[in-house]
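Structure first, then comments.
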Amino acid sequence: MAQVNMVQSLNQTLAEEMERDPNVVVLGEDVGKNGGVFRVTNGLYEKFGPERVMDTPLAEAGIVGTAIGMALYGLKPVAEIQFMGFIYSAIDQIFSHAARMRTRSRGRYRCPIVVRTPYGGGIKAIELHSESTEALFCHMPGVKVVVPSGPATAKGLLTSALREEDPVVFLEPTRLYRMIREEVPEGEYALPLAKARIVKEGKDVTIISWGSMLQRTVKAAEQYDAEIIDLMTLSPFDEETIFASVKKTGRVIIVHEAARTCGLGAEIAATIAEEAILYLRAPVMRVTGYDVVMPFPKLEDYYLPEETRMAKKIEEILRY
Amino acid sequence: MPEQVIESFEVERLRILNEKGEADSSLMPSFSPDEIKKMYGLLVLSRIFDERALSLQGEGRLGTYASFRGQEASQVGSALAFDPSDWIFPSYRESAVFISRGYPLDRLYQFWSGDERGMRVPDGLNILPISIPVSTHILHATGAAMAAKIKKEKTAAAAYFGDGATSKGDFHEGLNFAGVYNAPVVFICQNNQWAISLPRERQTASRTIAQKALAYGFAGIQVDGNDVFAVYKATKDALEKAKEGGGPTLIECYTYRMGHHTTADDSTRYRIAEEVESWKEKDPILRLARYMEKNGLLNEESKKSIAEEAGKKIDEAVSGAESMPPPDLEEMFTYTYHSLSHRERKEMREISDGPG
Amino acid sequence: MAQVNMVQSLNQTLAEEMERDPNVVVLGEDVGKNGGVFRVTNGLYEKFGPERVMDTPLAEAGIVGTAIGMALYGLKPVAEIQFMGFIYSAIDQIFSHAARMRTRSRGRYRCPIVVRTPYGGGIKAIELHSESTEALFCHMPGVKVVVPSGPATAKGLLTSALREEDPVVFLEPTRLYRMIREEVPEGEYALPLAKARIVKEGKDVTIISWGSMLQRTVKAAEQYDAEIIDLMTLSPFDEETIFASVKKTGRVIIVHEAARTCGLGAEIAATIAEEAILYLRAPVMRVTGYDVVMPFPKLEDYYLPEETRMAKKIEEILRY
Amino acid sequence: MPEQVIESFEVERLRILNEKGEADSSLMPSFSPDEIKKMYGLLVLSRIFDERALSLQGEGRLGTYASFRGQEASQVGSALAFDPSDWIFPSYRESAVFISRGYPLDRLYQFWSGDERGMRVPDGLNILPISIPVSTHILHATGAAMAAKIKKEKTAAAAYFGDGATSKGDFHEGLNFAGVYNAPVVFICQNNQWAISLPRERQTASRTIAQKALAYGFAGIQVDGNDVFAVYKATKDALEKAKEGGGPTLIECYTYRMGHHTTADDSTRYRIAEEVESWKEKDPILRLARYMEKNGLLNEESKKSIAEEAGKKIDEAVSGAESMPPPDLEEMFTYTYHSLSHRERKEMREISDGPG
């Protein structure tokens, strides 16, 4: 097993799945010769040629819309949206078509596209290059939402996404692309979707986190006997693992980078309150981004939840 | 080279059959008498389907319905040009395309009665469910055509849409991708002069829809959309070109929506009766009938028996549709994902605990 | 005061505000001669002419995008999206531009557009004509979301929306357009945004609802001593009124038509749990649409929350 | 009338100043020597602004930056054609448009250093903040132009965008609305041959960008984008036409992006050095300098002093930008809405309780 970063891991996974399944094709802006602006598709163009690695015109609805057509025809398209901030013009294609093709045709057609996109802040980028609006997609039935938090989960989850029957929005935490190196299993390695992962067991508090925030959460909780859950699939999310942990700890903090209001944290909190309130020894708490437009680099460190803010919340909930 | 003309373009219009029922033999595709009779039969079947749908709707037996009266030649003529292996991406006004493709008539009525199961396309039939959001399915046709090319299969794809659909970004992106990838796709615009209450001249300032293809580096052609022969020929030519690697084509079928936009619409609010009236003489079925009568392919008697036969099929379809049992409540959940999510399972239990 | 339905009330309000403020213009598909497919803009074209009542080409991003340009130039555009199911292709313009113009320019520019759209099911319509995805817009900082529940609130809220400094997504419950007639104040009548309304006072349970669901909620709760809150502004929502009621009743049910997961109900539940948990005598419960694509007419009655389902939940929470 | 040509179109290309610095006097607008010197001054100032930005970025003193080297004539030439009352909707590569419009240079650097306050456009200056999402701001220009028409004000609006932007739906919808409403708007496409790594030929199959205007029923023209006179003239003509009620124009400035896409890009991955090399001779500043030298408007000495003066302005701008105090944390909340929401107030309190 080699030590690789997330970009390399995603890149290898794509290459392996393209090798395995001739129907897998990649499309998006600059994914070809340029290998993607983050190099996630590096070398695929050279290896699989322009028919399977398509540099597209600059049109996000076009990328997702043609991917849908390809999927209907029998391909397995992996569409890259260059930054999550540019997915909004493709939302109509995702919501009105990809998510509905199966139900609209009562099962005759399916639409197993994967829409990959880097998300989240912390890379000192300009406007709309730091979005984390995963909750929008979690609200839409028919779409799955998946987020890895490191090189190994990136491989396991992308492999599964590429073998899924349903459309998947696959969010890649930009800040972590090159930050973490870890051992990634070689060969076939698939992590089941809709299953969370317990990163660290603990008794005093459950912290639920994902993607960009996981690594910070783990650090922030080092001093505590915290159980840390990496949600991995955000929709549909793994209630079972959460409930089991809540029953054990009685305290829950949810951490996400997205704005608080109507973020996925709200749904998790509401679900726990509805179904596991008797186990709670404190209110479910959230550490999140603020309800403002993600600021430019000069202020982004104040926007993003970081360890101090998380630790404060842990203290608060433990005192409760 | 200061002020220099660097490009020049032309847009053509095709018509084979005029309103008197006279065909231009130099352009006429070689149809056998049976083929022409089949065309006529489908035109009539479609018309009766449409009329029945309107009356069923009036009786509360169907939901809101979109009539295609006046556009039969655009739909039947083009639909007949496809091979079974070609892929069709229709909009909501294309019942006659479904009918020409051999789609079960009862399922069409079932769909319009508000039942998703009507769009369970039979296996092997390469047509997509109706796309309700205008224009957005154009991209799917382009994508399917790109896929056919990648898979090196000699199939083409086609999208049907209206004049209104050409204003939306998806039209633009769909045609642009098609041009760039030289995809085997045919874009069939039924320019029926109206998008609900918006007349064609207010939809876009370009004088034709066909010329919009110039923006994407491929050919656009306008055809008389009430001339079933011209529509057939233009579509056939475009499909052949596509499959030979010649890339996409935009076909503007110049036609007219004789009815209201849908049964929920009242077109007297925004258009004058004279305009509708003036198109009656251009009726596509009338025109083909005249041609056939002139050429001994149709007489009063055969006309009647064709209509009667079609009527019977429609009767059967209606009773077929109306005798279908209502959908199970579970239907609502079954197709969201490949398999039920945890949450859906809980919700299904909630629902089956009792009504509401 | 006349008895009018919601369509008439909205129509009158638009006419009055257009009369008052020459900068108010209306644009959208079929809003002119046709008066809108639901006739909300009926007669405005005749009264104010084609420059102030613009029938647009069929292009939702175009409608919202040009409205943004008009707002920047100093007009007050009211854009109609024919059905909420078609707003998705305009989401990019709303999220990436309307919501950010003020912050992007540090206050130099503002973007006070109103995007009106009919939402919700119950009118036996086909696909994408029954969406209720208000939560998407509540997750986006910079946008306000407003929903009337009857003719009178329609007037009061639309008037305020038309005088707002910020972009407003104004959702009109299609099912109620012609269902309810009530007295609507004549002349100036503005209801403040971000303020909820107590429809009925009560002691045993607080029921929070809005728009399409309010009228059913009121009926369902008739037999109970329930306090009913019509939220009216969904973003930013009125926490104060909610907290005050929770303190009184200790029990909360939230009713919405949208799919449960990541609906606004989740946020309200999470907020209450975070800030008022000590007052709760039962978990916050939700009565919502299911996590499926809104079904076609044949099944829509089973999808939409109705009185029996609500009453059951009231019984459940009272027994808790 | 079976097969009939119903429309024909031409696309023109305009150039006034050739690479040797010779101007076509029949097309040359009447500039005073001072006006030409002003143009030159702005070209040089822009070039130095750009070079300094690149070096500041290299030192970590700016964030990711988009160089416009090679496109100075397209930007300065067009920007000078506007009246102060006209409205400009720029993209991220238009620093020279901002500079020509009189935008404070220090604010530009401030913006590129990752500080929103840099896009606090000074009151009275009719330019919008940079639009990061490609193409989407085109609609705003159309909307503003529609508003000007509604308000019966003789102003025009203009959007700047790249060749890549023409592929997106917003371009289509923006131009189509403009055509339908005959709006006083000018669409200025800087076709710099690349959209990050995608060459122009793969962006669209149409041979020119200019011809895309045909789809919307108005004129498109290609100009030599490295010829500041031609760009000025085309823009001026289009603006005048717009204000006279003649409707929109699409101007394709045919130019070249000499640098990487941004400082985060490495263009050697996808394009060959020879191509870049071949455009050096076409440099817009070089070309104007040659013209001016030929016509006694520039010599070695004045050239040097213009550059020095520009350098000084840039020095001042950099130190101005770098001496600005960091933004308050509250800044993050202040501009979300007209006034703080309840929730924002709570969150602000949370943040000011202490870091993080």
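Note that the chains take the letters A, B, C and D in the order they are written out, and that residue 1 is the start of every chain.
What we mean here is this: a contact is a pair of C-beta atoms (placed from the backbone, for glycine too) under 8 Å apart; a residue touches a chain by one contact, two chains touch by 3 or more.
Quick caveat: nothing in here was measured; it's all calculated off a predicted structure.
The greatest centre-to-centre distance from subunit B, using averaged C-alpha positions, is reached by D.
Chain centres here are Cα means. That of subunit A falls 40 Å from that of subunit B.
Subunit D has its Cα centroid 43 Å from the Cα centroid of subunit B.
Note: centroid distance subunit A to subunit D, computed from Cα atoms, is 36 Å.
One finds 30 Å separating the Cα centroids of subunit A and subunit C.
Among the residues of subunit B, those touching two or more other chains are numbered 116, 133, 136, 167-170, 173, 176, 180, 202-204, 331, 336, 341, 343-344. Among the residues of subunit A, those in touch with two or more other chains are 56-57, 59, 61-62, 85, 89, 92, 96, 103-104, 127-128, 141-142, 236, 261, 291-293. Viewed as a network of touching protein chains, the structure reduces to a complete graph with every chain in contact with every other. Considering their complex, residues 1-16, 24, 26-27, 167-173, 176, 179-180, 182, 202-208, 210-212, 214-218, 222, 247 of subunit D touch subunit B. Contact residues on subunit C toward subunit B in their complex (touch as defined above): 29-30, 32-35, 37, 55-62, 85-86, 89, 124-129, 260-261, 290-293, 295-299, 302-303, 305-309, 312.
By the touch rule above, subunit B contacts subunit C in their complex via residues 63-64, 92, 113-116, 132-136, 164-165, 167-170, 195-198, 202-204, 264-265, 269-270, 326-327, 329, 331-333, 336, 341, 343-344, 347, 351, 354-356.
For subunit C in complex with subunit A, the residues that touch the partner chain are 61, 85, 88-89, 91-92, 95-96, 99-100, 103-104, 127-128, 133, 135-136, 138-142, 235-236, 258-259, 261-267, 269-271, 273-275, 277, 283-286, 291-293. Contact residues on subunit A toward subunit B in their complex (touch as defined above): 25, 51-52, 54, 56-57, 59, 61-62, 65-75, 77, 89, 92-93, 96-97, 102-110, 141-142, 144, 164-166, 194, 236, 238-240.
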